[in-house]
Amino acid sequence: MTATTTTSRGATGSVALQGVTKVYGHGDNAVLALDGVSLDVAPGEFVCLVGASGCGKSTLLNLVAGLDRLSGGRIELGDGVNPGLMFQEPALFPWLTVDANVEVPLKLRGLPRPERRAKVAELLRTVHLADFGRKRPHQLSGGMRQRVALARTLALDTPVLLMDEPFGALDAMTRDILHDELERIWSERQLSVLFVTHNVREAARLADRIILLSSRPGRIIWSTRVDVPRPRRIDSPEIASIAAEVTDRLRTEVGRHGQ
Amino acid sequence: MASDTLAGIPRTDAEISGLDALEIAGREKGPSRLRRTWSATWPKLAALALAIGIWQAVVWTGWKDPWALPGPAVVFADLGHYLVSPALWDGLATTARRAAVGFAAAVAVGLLLGLAVARVKVLRAALGSMITALQTMPSIAWFPLAILLFQLSEQAIFFVVVLGAAPSVANGVIHGVDYVPPLLVRAGRNLGARGLGLYRYVIAPAALPAIVAGLKQGWAFAWRSLMAGELLVVIATRTSIGAQLTYARELNEAPRLMAIMIVILVVGLLVDSAFGAADKAIRRRWGVLDQAGN
Amino acid sequence: ACGDDSDAAAGSGPVTLRLGYFPNITHAPAVVGVEKGIFKEKLGSGVTLETKTFNAGPAAIEAIFSGALDATYIGPNPTVNAFSKSKGEAVRVVSGAASGGVALVVKPEITSVEQLRGKKIATPQLGNTQDVALRYWLKEKGLKTTKEGGGDVQVVPQENAQTVETFTSGAIDGAWVPEPYVSRLVNAGGKVLVDERDLWPDKKFVITNLIVSTKFLKAHPDVVKKLVEGQVAANDFVNTKPEEAQQAVSDHIGKITGKPLDVKLIKQAWPTLEFTNDPIASSLKTGLDHAVAVELTQPVDLNGLYDLTYLNEVLKAQGEPEVSQP
Amino acid sequence: MASDTLAGIPRTDAEISGLDALEIAGREKGPSRLRRTWSATWPKLAALALAIGIWQAVVWTGWKDPWALPGPAVVFADLGHYLVSPALWDGLATTARRAAVGFAAAVAVGLLLGLAVARVKVLRAALGSMITALQTMPSIAWFPLAILLFQLSEQAIFFVVVLGAAPSVANGVIHGVDYVPPLLVRAGRNLGARGLGLYRYVIAPAALPAIVAGLKQGWAFAWRSLMAGELLVVIATRTSIGAQLTYARELNEAPRLMAIMIVILVVGLLVDSAFGAADKAIRRRWGVLDQAGN
Amino acid sequence: MTATTTTSRGATGSVALQGVTKVYGHGDNAVLALDGVSLDVAPGEFVCLVGASGCGKSTLLNLVAGLDRLSGGRIELGDGVNPGLMFQEPALFPWLTVDANVEVPLKLRGLPRPERRAKVAELLRTVHLADFGRKRPHQLSGGMRQRVALARTLALDTPVLLMDEPFGALDAMTRDILHDELERIWSERQLSVLFVTHNVREAARLADRIILLSSRPGRIIWSTRVDVPRPRRIDSPEIASIAAEVTDRLRTEVGRHGQ
């Protein structure tokens, strides 16, 4: 197995995975989390990854984000692209205000103060939180926190957004609203999105393409385009029927691991 | 921002902000400042009055000779003299300065040691439990070494104070760094924080509450070590609370001894309330202020 | 039997005498008396002896004040403290025990008083007997000292144990201390510049005496008399069988401290001490006058501190010379 | 159990257990016990060897006279004698017994006090900060009171130990009770736990980790107070480590002093590892064993 | 306002609320959380309460469970009925094994040991966790923990189950499975269930009747019967259309509080 690290040669916004493999641990304890995953995300494409627990969805995103080392294969990103990653929990810094949270990546990039100010204000407006800059994360609701996290990730000004079940912990109504928001921002900014979820309805609602990963080891076993025109509604029959199909495949996959 | 449309139903900003308004309602409330202060103060005063009352009652029973157990009146009279004497204020100034310098040194040592042990696995295995074991070493055991290293200078006192307090501080740091949520570290890295930046923006602030708790414990050890250590070097022209405490005892000045104990308690209360305020401020910021309202 | 039952009327039931002392050479009569069973013998079967050891005077005085102790061997300084702090009520000196054993030890290069100028000299405690003695002596020699440690000679009060550490590490130039620290400093390369005995009439001054609590004295005068008998007998033993006494001191200290005191050190210190039953009241008084002279204390009325009737009865019965009651 | 049907699709138990199997996979793993022990031990040994090496090197430079700073050889020779002498074992027995009794008393007092302060608002306002202030009171300040109350009995020693250690224990309890998740309390009540039952089934176990942390701090204070307090009552037939430490210093027995320090450190390490094991066991049970593996 | 406490006079398994009012705090800080809510749950009925955040859903359940005091009105339960309450988080005791967690209510009721054993085993079988009794909560997945919590609540052996968004934190697949499980247990045991949720699809999937609460103060503003035959499937068009209707009403209600 040749360990190859992330390289940056593709077009801005594109993500290309070739034979990506990831092994955790050594010897007896080794776990093959991903086994030869190849996948291309076109610039501006919205790809949803679904799969049961432990199939390596988070592992995949971490590899693309460069937070972990590849065991094999290669990942190509656009030149100088540092993809933004959003987690299931907002992962906001509790000791900073909303403003300051969004400001962190700008500070780390060394932007001057007035520019940072303007940028933070703009980003908070984008997520409908213009009036909440002075609050602290614990004073916000879960949905608002995820929007702050989204703004903070957008502050990285990156064309590639990686999202690891970002709305898993939210209630259904808030989630519906955030789906709309995310769709709007995605299309406004022409982002490439790699979106991980357990929730097939969510995948059908958002994706251009849905990719199904098998469990242990993680491999791509099926994928489908979602050709429903946008804007979409999660309660709509077209979405429901796509969701039903993915669900059935997922259940079969899950059933493989029973008893 | 234009309002979005959703499957033909107009989606208004009102809906988003309505949800926001509903979700975050009632997160900040509380009684007035005055009322809080009063309800925090009266039980302390009552406890004080009760303690003095019991003390006076015991003295009135004549259980012990007055020179062995002086009554509140005698002690407070002596405290009065003490409060207007230069002995107290000079001593307090010396001791406070030493406490500040010694504690600062202990904090510096403790932070560095704690950080090193928290991050370097080998050091943790090597020194981890040694740090706690050091806490149990009584100050007087260090006196000979202190004199060997620093002769009769104030450094000898600082040495003892540092050895007393640094382990607690280091333990606080280790605990704090251990419990930095890995999620925050990974978020920080994704936002571009590496090396020192990661410490500055993520690890240090995340570990702060535990570090403050360690500092508070460290202070108690520092102060106790100082009280003992001030006897090491009784310096010309510089009287100190620690020396006065011991002399009061050596001269069997019971009222003065008690007056000094009161001074020490007051200093302890003041420092504790400073730490309490710091802790509260942090916890309020973090939104983990506990329901008990402390 | 503890606490205030010593107030109980005399003669009813067995009496317990709680006696304190330090495991130390200057307390040799007490150590030998306990180790050799002399007190037990003299007190007889009607009195239970409980001994307590201390390593410093304050705790012993606290114990007397609190009623936890009936009698103790102790130095002149705590004696005066106990007397004055209780307005003359709490304690009485009933016998002497030892005299002498104090010296100024300095670095060998110092050979005269003049050379002490600008030097650091340690004493055991601000305002204690040795501290006063040093300051008064320096004053007589024309050298000024201040309470705060300034002046021509810097006086550094510190624990005796620490004095050996600081002397060897060079932080101080000398010390005015009692035995066995004199011998220790000499062994660590020091030289005796002044033997305090030379400063006193008859080369005698009190270093250890025996005090009893006034309450116990009132309640059990008979027991106190027996205790004094024991003290006199112990001193006899110490003075007639020094070898045996030295060994006893070493062994006894070993029992308490976990390590026997070097007999050689005891032998070295022994000749500088005189074990006498005379509390040498005059030296106490003079010491106090000196303290007033060097402005370390207010005058104290020592009237009533000494109650030597039992001592004199015992001495008379043995045909020895009586001591003078001040 | 019959398999359920879902809109015509047969739902098998396999699906449920498949989900379960996937979700909980890989939650327990770790290197072998032997390897863990070894990798925990060698850095300690290395640190020890390094420390002794430096010490020996300093002694060889002749920086200080050998009676001021004895070398490792001398100290270990003395330690050897000490280890086979009854002085050590008798002293250790006495001190250990006192430590156990005193600490037990401190724990009892601390638990009760902590519980009272944690639950009764007025008491918290009255005593809350007093508890921490008490921690800064040096042991010797309590000696006169200890003698007054308990005469020259061992109780006087226990009194000093309790005053030293109980505040830490109480603080641990207060902290623990404050942070019991309210959700668990409400769940307990819904399950039928009231009054004592609620304490027994919910509050006490939930507060346990913080209480153990408080006990550990309390132990450090207890041991230090004991080392000082053992001088209060020196009973001729019962030698103790605290008394031996002070006498070693008073007699300027540098090798013996260092030998006793080594004994104290070893005791500290043993007790720390006991607390460490307790803490680890609790954290493992709770599933909050931190990633640092400590 | 007359404060009336919970009384027990109705039929076993029935829950009757009459003019239930709840005020939190005093004076300036007073919040009227519930304002005259009247509601009857028939024995064996499955009622879902939906409503936006802060409308008093949790407050209502807490009042019925007797964990809080009424400010006005009355609540009637069957004789000696102590309703079981399940929270959004499993609220398991982390220091106890799964077995011991389920055993707590049995211990508190003073059942002898062998009987407790048998009961615990039976309950764990009911929730498909027969093999996991010796595990600790942190060794289980979220869905498994909620099943343990359900078993623990069932151990109270009560005919009334109160559920406060019990599946809010679970992923969609696990949630679907638990819906089936809950439905099965409900019909087997003939429980009366008062189920609180944000998720209208979930409500439509489970309920005999859906009740919509208004926000601040909480009042019943609308209710509907769900006459879709069981077993139901959450992706089905009937459920989707009921969900869409409830969603619209909910959005209108939420919109009232905007700007």
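Annotations
Letters A, B, C, D and E mark the chains as written, and numbering starts fresh at 1 in each.
Methods note: a contact is a pair of C-beta atoms (placed from the backbone, for glycine too) under 8 Å apart; a residue touches a chain by one contact, two chains touch by 3 or more.
From a predicted model like this one, the values you see are computed outputs, not experimental measurements.
Following the contact convention of this document, A, B is the list of chains adjacent to both chain D and chain E. The set of chains in contact with chain A as well as chain E comprises B, D.
Counting C-beta pairs in contact, the chain pair with the highest total is B-D. Greatest centre-to-centre distance from chain A is found for C, with centres as Cα means.
Averaging C-alpha coordinates per chain places the centre of chain A 84 Å away from that of chain C. Put simply, the C-alpha centre of chain A and that of chain B have 43 angstrom between them.
Each of residues 62, 65-67, 159, 165, 169 in chain C touches at least two other chains.
Among all residues of chain B, those that touch two or more other chains are 13, 15-17, 19, 23, 64, 68, 143-144, 148, 249, 254. In chain A, the residues touching two or more other chains are 52-53, 141, 173-174, 236, 251, 254. Looking at which chains touch one another, you get A-B, A-D, A-E, B-C, B-D, B-E, C-D, D-E. Contact residues of chain A toward chain B in the complex are 62, 65, 67, 82, 84-85, 87, 89, 91, 93-96, 104-105, 107-109, 125-126, 128, 132, 136-144, 152, 156, 173-174, 177, 180-181, 184, 231-233, 236.
Per the touch definition, chain B reaches chain C in the complex via residues 64-65, 67-68, 143-144, 147-148, 151-152, 231-239, 247, 249-254.
Chain A meets chain E in the complex at residues 52-53, 141, 165, 168-169, 171-174, 176, 198-202, 235-237, 240-241, 243-244, 247, 250-251, 254.
Of all residues in chain C, only 56-58, 61-62, 65-67, 78, 81-82, 85-87, 89-90, 120, 125-127, 146, 148-150, 154, 156-159, 162, 165-166, 169-172 touch chain B in the complex they form. Per the touch definition, chain B reaches chain D in the complex via residues 39-44, 46-47, 64, 68-69, 118, 122-130, 132-141, 143-144, 148, 174, 178-179, 182, 216-217, 219-221, 223-224, 227-228, 242, 245-246, 249, 254, 257, 260-261, 264-265, 267-269, 271-273, 275-276, 290-292, 294.
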